[in-house]
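The structures considered in this document are given below.
Presented sequentially are two complexes of chain A, the first with chain B as partner and the second with chain C.
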Partner chain A sequence: MSRGFRQSMSGLHTWSGLLLGWLLFAIVLSGTATVFRSEISGWMRPEVTASAPPDGAIVAAIGWLSSAHPKAAGWYLAAPDERLSTTQAVFDDTTAPNGYRDIALDPVSGSPDAIRGTLGGEFLYRFHFELQIPYPWGRLLASAAAVLMLIALISGIIIHARIFKDFFTLRPGKGKRSWLDAHNVLGVLALPFHLMITATGIVTLLAMTMPWAAVANYGDDLAKAFAEQSPGLVSRDAAGTPGTLAPIAPMLAEAERRFAGRIGRVSIANPGDANSVVTVANHDGDQLAYAASTVSFAGTTGRVIGAYTEARPAQQTYAVLYGLHMGRFAPWVSRWLYCLCGLALAGTIATGLVLWLQARQGADGFGHRLVARLNVGAVAGQPIAMLAFFWGNRLLPFGLAERAAAEVSVFFLAWGAAILVGFVRPVRRAWIELFWIAAAGAGLLPFVSFALTGRGLWAAVLGGDRLFWGFDLMVFAFALSFATIARRLAAHRTPAPRRRRNTMPA
Partner chain B sequence: MRSVFQTKRFAWLRKRAAFAVRLFFASVGGYLLAVAAVFAFARGLPLSRAEAMTTASLLSILVMPAAAIWAFAAARARTVLWSVAGLTGLLALVAWLLGQPA
Partner chain C sequence: MSAIAALPLAFAGMGLIGLSMDRHARQAAFALQARWLRPVGWLLLALSLAASLAGPNWRFAIVEWIGLLAAAAGLVVLTLYFRPRALAPLATGAAVLGLAGWITLAILQSTLEIKSH
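For the complex of A and B:
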């Protein structure tokens, strides 16, 4: 490898990493939290303690939707499973701020009325690839960030000549050298995961960023392209005449018989119409590929009008890549590995951002100062925003109008406040203060939650409430880590006697 | 007398401009190359229309990083321009000759 080549790759690595680095950190951290999306949703709806088998819960949900939202163009339901006891329902609603509702229904009553309004883990999942930016821009931005990360990873491997040796190298307390070691260890430790999750992340949005294969093979008949790619999707135009849904339970039973397994998602298109279609899919956690088998029924008669299981090699490859990213298949051990590797990737990005400054110590230009200050709010602000989201979930009044949206506002207000702190306080102080705030926010959360809900802490341990003690332990672990970081930052003195202003704590 | 082209300011500008040119080749050039590759593979692979479509799309993920690395690794910007534009043109020509499958 020539010196010039490695040097140019070093430049590519630096700039591809820095350009959307702050955004990438938020994407990776929210994605990591999404690994426990069901559990977070369960924790955020502490009043739900009942549980029901999936088909019973779907019957109850359809009962409620039929009386409350009969005019919706479609109901999209996800049945409860061993990880989450509520039924998730998405449907169009003109009274909703963005035109649709994404709510949890009680598994027994089918109604959302006794449950606090919250998006739960769905918010973190959506934020991970939409960034709360209107369609399609959020998704395009997330895709661009993913491509840049893939470039940063590949160029990072190229410039990293001693990949095996550095695996065992960590020299703490040595300024820039230590940050580089940390960056390398975190990056190399889970490198296959980093490459996999980045590339498969691009796959999930590929239909939007690379629609040209459809144009190449189908011209302007994109509906045909879609139909041939997903033959399992049975759709019928609404008849315009009203129709009544046949009992759903026999359809679910028929689907279960065909899957020889449990049901996952159920969608009902044009529920109040004579041409309604009920499509039942098997549980997406039961196979690696993110392409469930489906059975479709004529809604008014319950007659089977279509059934599909994907078996074509390229489509299956696509579905497996998609499934690897979603991690829905993962049992507990792999779920935790996803989480730990995700944290390592977040750490790689954060140390990379700090390293950019460390490599330019003494520089005091506008760009340098901007990066130094943005780093604070982007890195320390993310966990604070997530914790604020959880605090909002516990503290906002139950009957608040558009409560779910208010929780999301709390997330962004907290993030904005953290970024502001990064700009108004001296950089070093801002880091320390924000990490103390994060530590306090995490450490106190289980106590506040216990006081307000009666679930969690020792009650959870004694009562076997695994969800709550798991959540509490996790949050305590984060509180401890944040406090440790804050203490280390406060205790450390920058070794170089060079310019102190605006230098990062090292 | 020193010419404008020898000043420090000009050297700084030159460096930035060279970087911007490479960035342009890597991003816009890389994407166009990926589009041309997708067109050629979607039409050229001996698979059914839908299967070729998905395979070509998946392969395209590797094109942009490869183009970006090439854009920054090549010794001269001109080399990047001709190679990326040439390859894009060639793939587009192949796709055009193959035509949209019936």
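For the complex of A and C:
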């Protein structure tokens, strides 16, 4: 390989990594947390201790929705499963700040009234690819970040001249050399995962990144494009005359019989109308492909009016790639491996951001100082923001208006505060202080949570409350890691001036 | 469940491949400079894949195995970082453990199958 080529790849790697590196770190970390979306949602709703079979929970949910939100244009329900005991309901509501509600319903009563208002793990899931920025800009930005990530990965492989020789190499206490070792090891060891998750991440937002094929074939007729992409979806215009939903349980039983498996999602279009449609989809955790088989019923009679299982090869390929990214299928070992590999990718990005500075030691321009300070808030601030989100969940008063949105505000306030600390404190002090804050925030959370909810800690071990037991253990592990990082940063002396120019570009 | 066999086998394979490299052999104070180290390492990785594929769903198994490889390589790096001299005995132990785990799983599976018939 010519030296010039590798050099230009090195430049590409450096700048593609830096440009959206801060954003990528947030995307990767929230995505990693999303692996445990259901568990996080369960932890954030400690009131819910009851459980019900999926069909019973759907019947209860529809009972509550029929009396509380009969005028909604549609109810979109996700049935509880072995990981999450609440029914998730999304429906349009004019009183909600953004026009719709995304709430959890009690599996037995079907009502949300006894459950604190929170988005739970759904927030981290949506933040992962929408970044809390209005449609379509958040998704476009996330797509751009994913493309840059892929560029950084591929150019990183090209410039890493000793990819196999340095495969297991991690040398301690050598300043920049050690950072580069860590960057390489974290990036290379889980490289197949990194490539897979980045490429499939681009695929999930493909309609945003490359809309031209659809535009060329369908022009402005998006409805037709959508209908042909999802021929299984039965849609009927509202009749305008009121109608009563037939009992839902027989429809669910029929769907289960056809799937020869459990139900996952249930949607009811125009629930109070004579032309209502009930569509039942199978559970998304039962196959690798993220595509459901669906059965649709006429809402007022319960008669089957459509059934569909995706069998077109291109669509199936898409669904498998989508499914690989979502990891909904993953049994628990795979789930933890997704989490570990995701943390490795976050670590690769964080060490890469640090290396950008290390490679330019002695430089003191505006750009250099800006990067140094942004690194602090972007990297250390992200776990702090997530922890603040959990603290907010426990500390905000139960009856607070728009409580779920308030929790999200706590997330961004904490992130903003961390970025601010990065700008007002000396850089090294800021790193150390923020990691101590993160360690304290994580270490104390299980105790505060236990005091306020009575669930968690040892009661969980003795009582077999696996969810809280696992969450507490995980948070303690993070507290320990943050404290270790803070201590090592504090112990680390500013490195001596460079002896020679480094041969490896960073 | 197959991870019980597949992870130790992958660790053993990665460990032997690591020990076949000069730098890490020196680090691990490993005197045996045999040519067979690397091929045996690869063989153990292949066995780890085979153990993974013994599960009911091969699609899930491949995804899991790729993650297990990363985890195993990470464990080798950590071993070399914190306890380099322990790598050779740990890798040997893991190979034995992995094979034993695989045989146990296979026996358990076949007895379960006999019972279900």
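In this section, the second predicted complex is superposed on the first by the 494 of 506 C-alpha atoms of A that agree within 3 Å, B and C clash if a C-alpha of one lies under 4 Å from a C-alpha of the other, contacts with A are read in each partner's own complex, and residues count from 1 in each chain.
Assume a residue touches a chain if its C-beta (ideal position, glycine included) is under 8 Å from a C-beta of that chain, and two chains touch if they have at least 3 such contacts.
Keep in mind that what you see is a predicted model, and the values were worked out from it rather than measured.
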{"item": "First, second, both or neither for A:P331, with chain B first and chain C second", "value": "second"}
{"item": "Contacts of A:V185 with chain B and chain C, given as first, second, both or neither", "value": "second"}
{"item": "Touched partner set for A:A344, first chain B, second chain C, both or neither", "value": "second"}
{"item": "Partner touching more residues of chain A, whether chain B or chain C", "value": "B"}
{"item": "Partner chain in contact with A:G99 - chain B first, chain C second, else both or neither", "value": "neither"}
{"item": "Chain B versus chain C as contact partner of A:P172, first or second or both or neither", "value": "second"}
{"item": "Which superposed partner A:P397 touches (first chain B, second chain C, both, neither)", "value": "neither"}
{"item": "Which of chain B and chain C A:T317 touches, first, second, both or neither", "value": "first"}
{"item": "Contact residues common to both interfaces of chain A (with chain B and with chain C)", "value": "none"}
{"item": "Touching residues on chain C, where the partner in the complex is chain A", "value": "3, 14, 17-18, 21, 23-24, 59-60, 63-64, 66-71, 73-74, 76-77, 80-81"}
{"item": "Interface residues, chain B side, partner chain A - complex", "value": "19, 23, 26, 34-35, 38-39, 41-43, 47-58, 60-61, 64-65, 68-69, 72-73, 75, 95, 100-101"}
{"item": "Chain C partner contacts - residues on chain A that touch it in the complex", "value": "165, 167-170, 172, 185, 189-190, 192-193, 196, 288, 324, 329-331, 333-334, 337-338, 340-341, 344"}
{"item": "Residues on chain A engaged by chain B in the complex (per definition of touch)", "value": "4-5, 8-9, 11-12, 15-16, 147, 150-151, 154-155, 158, 199, 202-203, 206-207, 210, 212-219, 225, 228-229, 312-315, 317-318, 321"}
